[in-house]
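Step one of this worksheet: look at the structure below.
Labels A, B, C, D and E are assigned to the chains in the order they are written; within every chain, residues are numbered from 1.
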Amino acid sequence: MDLGTVLGLIAGVILIGTAIISGGEAVIYWDPASLLITLGGTVAATMINYSVRQVLSIFKLLKVVFITKELEPGEVTSLIVGFAEKARREGLLALEDEANELDNEFLRKGIQLIVDGTDPQLVRNILETKITFVEERHNQGQDIFRTMGTLSPAFGMLGTLIGLVRMLSELDDPSSVGGGLATALITTLYGSLMANLFFIPMAGKLQVKSEKEILMKEVIIEGVLSIQAGENPRIVEEKLNAFLPDAGVQRVVDSMEDPEMAVEDQ
Amino acid sequence: MDLGTVLGLIAGVILIGTAIISGGEAVIYWDPASLLITLGGTVAATMINYSVRQVLSIFKLLKVVFITKELEPGEVTSLIVGFAEKARREGLLALEDEANELDNEFLRKGIQLIVDGTDPQLVRNILETKITFVEERHNQGQDIFRTMGTLSPAFGMLGTLIGLVRMLSELDDPSSVGGGLATALITTLYGSLMANLFFIPMAGKLQVKSEKEILMKEVIIEGVLSIQAGENPRIVEEKLNAFLPDAGVQRVVDSMEDPEMAVEDQ
Amino acid sequence: MDLGTVLGLIAGVILIGTAIISGGEAVIYWDPASLLITLGGTVAATMINYSVRQVLSIFKLLKVVFITKELEPGEVTSLIVGFAEKARREGLLALEDEANELDNEFLRKGIQLIVDGTDPQLVRNILETKITFVEERHNQGQDIFRTMGTLSPAFGMLGTLIGLVRMLSELDDPSSVGGGLATALITTLYGSLMANLFFIPMAGKLQVKSEKEILMKEVIIEGVLSIQAGENPRIVEEKLNAFLPDAGVQRVVDSMEDPEMAVEDQ
Amino acid sequence: MDLGTVLGLIAGVILIGTAIISGGEAVIYWDPASLLITLGGTVAATMINYSVRQVLSIFKLLKVVFITKELEPGEVTSLIVGFAEKARREGLLALEDEANELDNEFLRKGIQLIVDGTDPQLVRNILETKITFVEERHNQGQDIFRTMGTLSPAFGMLGTLIGLVRMLSELDDPSSVGGGLATALITTLYGSLMANLFFIPMAGKLQVKSEKEILMKEVIIEGVLSIQAGENPRIVEEKLNAFLPDAGVQRVVDSMEDPEMAVEDQ
Amino acid sequence: MDLGTVLGLIAGVILIGTAIISGGEAVIYWDPASLLITLGGTVAATMINYSVRQVLSIFKLLKVVFITKELEPGEVTSLIVGFAEKARREGLLALEDEANELDNEFLRKGIQLIVDGTDPQLVRNILETKITFVEERHNQGQDIFRTMGTLSPAFGMLGTLIGLVRMLSELDDPSSVGGGLATALITTLYGSLMANLFFIPMAGKLQVKSEKEILMKEVIIEGVLSIQAGENPRIVEEKLNAFLPDAGVQRVVDSMEDPEMAVEDQ
């Protein structure tokens, strides 16, 4: 459950809603035809660019953003250091059973590879190739949202142009100018709102999440290879902690708290 | 037959068409002179940038987008693993006949090179050089569409400026202002519509297709070199599957379905 | 205490304030609802993109910008050259006590690693990994401000659109047009002001500070490894001075003073 | 003689010209003062950015675009394969006379270097350094056009602002509003036209030409080094053909004709 | 004395001046308050981003642009080839006296290092590190101008918004609309003029100059290392000439004169 995203969306909707209602009748801002052309046009152009399946995948991506429970990086480090200690005492094969119980499929795969006695270079190749493709897949998800964030204001402006042309060519009745212009502008409003309150921040969110996941996978690769090389658990911990500054990514912000630290921090 | 592109185009045209018709007379949106200046100007400037032949090539590119039947990545992997098994049992020469029957020219070329006993480094060089140039050629195709996507709104705005100057310099008759402005705006509408519903998503589509094709070619290179190195078919499969996460690229989206998976996936 | 930032902010506020007051009643520029939609919308969308904690971290980042006392690069160089001399005379272990008294945590960590007899390659790996993550963390801080600098004009424009639609749909009373338009434009004014006088320059400031800190850390890595390699202190100094042209970063500007120098400088 | 560029320019001018004339009096679009401020401002700012000589060089660049006869890549390949055969039969010295008759200075230089018995690594260094600088020189040419393509709409808008301020401050006579606005907009029209029909496509054209020339030079380097290494002419041909897919760059487009091919092509 | 920059600035000012004067009273374009808000706001925001010293440094940068006498690349090459000959005949030590008389500090430093018998790898490291920091320092100079080129139109627009809000909220007197709008637009005009005629081309100029200086420094590194390696002066010359195509950078343009050459050039 991602608190920031949920709070941000609610706050944004309330703010815009208040701005709309506080001015008087809110109904003038509701125009289904305008919504259809802005959102519909955006989805249509996105479908041309990607495929039906990829466009549908954004609902799954939304689930990822809102529901995903994240593993704390500290947990990963302590898991790996634990494995390193066990492997030192009892040998690599002793890891097999524990590995099978892991929820994290990437770590499980890594442990399995070294238990099978795979060549270290091949272990690295296989796991890094996996990361590369996870990264590409995540990038594609972000790209879909970014594309929609570019297209929705464009289709909003298109709707406004259609409304303007209509209104201007029927300028016989000057009293209708205001209303026509207002309706024409609604699509621009919708397009801009969708892009700035939804598509663009969502793409950013997916990127933040993706970077966190990729980082964790990189830590796992280093850890698994260290275990295979039979390195001292203390050195393994040292190495992995360099990846996760201080007490892990969750302290990223705190470490900036003390300005003295920010210049001298590690 | 690319479903997304076709559906997207039809949906987009219907949406815009409905928006136009629902407002009243649709004929005010049809202005051949405006179409000529927007589309003609875009094509003219594209021809200056590229060459006549390159501009004509976009019709061929459209065929690629709409008709191309795509090879499933899974097929490529199983083909190569099959070859690896045969080569292990019967030697590299045994692949010659089967390779000649392959539809995929890139794989055929690769098998031919190893059957001829070419040095592995040279095999890699030749095939990677081929990929580099396929990539550049594809990029050029995308660039043409992207260039048109930038030029068409610019020429739309140019047409509007021409119309505005005309209208403003003949401002004697105030009643004609609306109509003149409406006509002037039509080119901006056309330019924006072409760019956002056609040129830009089409460039994106070509990129998506190109990335898929390049990925498949990279899998083939790894596979062909593994066969030449006489690697164990099981290891070959392991290596290639790392390229094609899970059951191949077609599961890219599905693997994001389960949010739990997205964090832990492989 | 960063003089430029403080002076710039004060000067900017005075300039804009004077421009507003000199025209007459300043109260027409003060509209809490407009501020709420522009700033609130920006913060809401930023929260969707990042997390609650990351958004709150910008207050800490502001402290960094305004208060941080910077270490002069010259100091770092002379510290390291001093250590190099001591290590040559008395051995690496002699550095332990002095290192523990260092304020700069990164240098302390580096000295500690070589005192512990860590392998030089591992020392480099650990320290460079630390730099990488400090850099990423700083980039994220800058990105938050840059995101806000992009979002605030967008939400400003959104507020204006909401106001415009309202005003145009109530166009019965022509005398209210001016006032309505003025109010609608206030959000655009707020959004543009926030972005150009605050968010964007602040992101730039964080980048300038980050580059300076990263440079100092790179100097420390080279220095620590030179000490470990037992290099001649004179050569250590030569190497580090190449990093800090002339008498250190603080002379960057001066070295451009003499145009003759600028072409021939080192 | 570059057909696309010439046809594109003629078509563009005719299209815009028709759009202007078809509306009535064309003379309202002709304003030497507007041309002076738009084109003059663009040239002045370009001269500040570059130097007098660099700005004058664009006339030479135009000659390159319109007149240059291009060597077909196929010719280069067959020349080099011919040299490789001769060098195998009669030794490297036998290439001296033929090389001196070559029009292509880059190939001549390459052959001369290997005839002189220069070290292969040095041959590669010298030729690659030459390519790097040809590339930088070409980039500078494109940058000048791109800079002008950015500046001309900016100076067009500047001219419009000057006209608008004038017109608005003399608003006593409402009947002159239209004419004043029309004149003010002419500079925007000129600036946009110059950028989109000339400067930007011209920069693109220079880039397309440059990439083609660089590619040919890269083929020459590979070929010359293969000759020096005494490689089998058949292998030399194979290598160079990988650079020039199918029957050379001129088939780039054709190879996309068959959609089946596009997925499987080489 | 940089002719292009001076001529460009004079020509630009005359052109804009003529456009302003030819229309009638020029005094309507002069508004100190508008200048203050546009230029002042730009400087204030730049000071927030950088530091007081960095902002003041732009006056020194201007001196560099206008006054710097440039060394011709040909001179550098002939100097180095001369040193190479002397070093071959009389040994490296013979260069010491001549080096001390050099104006070019970078070359002097390089010669000094090899006379001192520094290890070639260390010579390269020290000199390349110096180049890296010269480059970063130059980039910072360009960035300040580019930042100002982005901020000045933004503050121009801000000034216009402030004026518009004022004007619209006092719309009682319709006759003052034109004048108010004219005054409001003046800041946009100022901001656009500053950016396009000064800040942006100036940033470009600094970049052109910087690239030229960096190139010369790279030639010096290659030359100094060749001298240290005791290479044949003829080969040294060959190597350095590859850096400076034809008769040096000053022939860059000429070599594009002959279109035949442009395709075949070296």
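We adopt the following convention: a contact is a pair of C-beta atoms (placed from the backbone, for glycine too) under 8 Å apart; a residue touches a chain by one contact, two chains touch by 3 or more.
It should be emphasised that the depicted structure is a prediction, and the values quoted were computed from it without experimental measurement.
J.: Counting hops between chains that touch, how far apart are chain C and chain D?
T.: Minimum step count, chain C to chain D: 2.
J.: Please identify each chain that touches chain B as well as chain E.
T.: D
J.: For the copies chain B and chain D, give the interface type as same if over half of its residue numbers appear on both sides, and as different if under half do.
T.: different
J.: Counting in whole Å, what is the centre-to-centre distance of chain A and chain B, each centre being its mean C-alpha position?
T.: A distance of 25 Å separates the two centres.
J.: How far is the middle of chain A from the middle of chain E, if each middle is the mean of its Cα atoms, in Å?
T.: Their C-alpha centroids are separated by 40 Å.
J.: Where in chain E do residues touch at least two different other chains?
T.: If we look for residues of chain E contacting two or more partner chains, we find none.
J.: Looking only at which chains touch which, which shape fits best: line, ring, star, complete or other?
T.: Chain contacts: single closed ring, each chain with exactly two partners.
J.: If contacts are counted as defined earlier, which sequence of chains do you get going round the ring from chain D via chain E?
T.: Moving from chain D on to chain E and continuing, the chains are D, E, C, A, B.
J.: Within the complex, which stretch of chain B touches chain A?
T.: 2-5, 7-9, 11-12, 15-16, 18-20, 22-24, 28-29, 175, 177-179, 181-182, 185-186, 188-189, 192-193, 195-198, 200-202, 204-205, 208, 235, 238-239, 242-245, 252-253, 255-257, 259-266
J.: In the complex, go through chain B and note every residue touching chain D.
T.: Going through chain B, the ones touching chain D are 33, 36-37, 40-41, 43-57, 60-61, 63-64, 67-71, 103-107, 109, 122, 125-126, 129-130, 133-134, 137, 140-141, 147, 151, 154-155, 157-159, 161-171, 213, 216.
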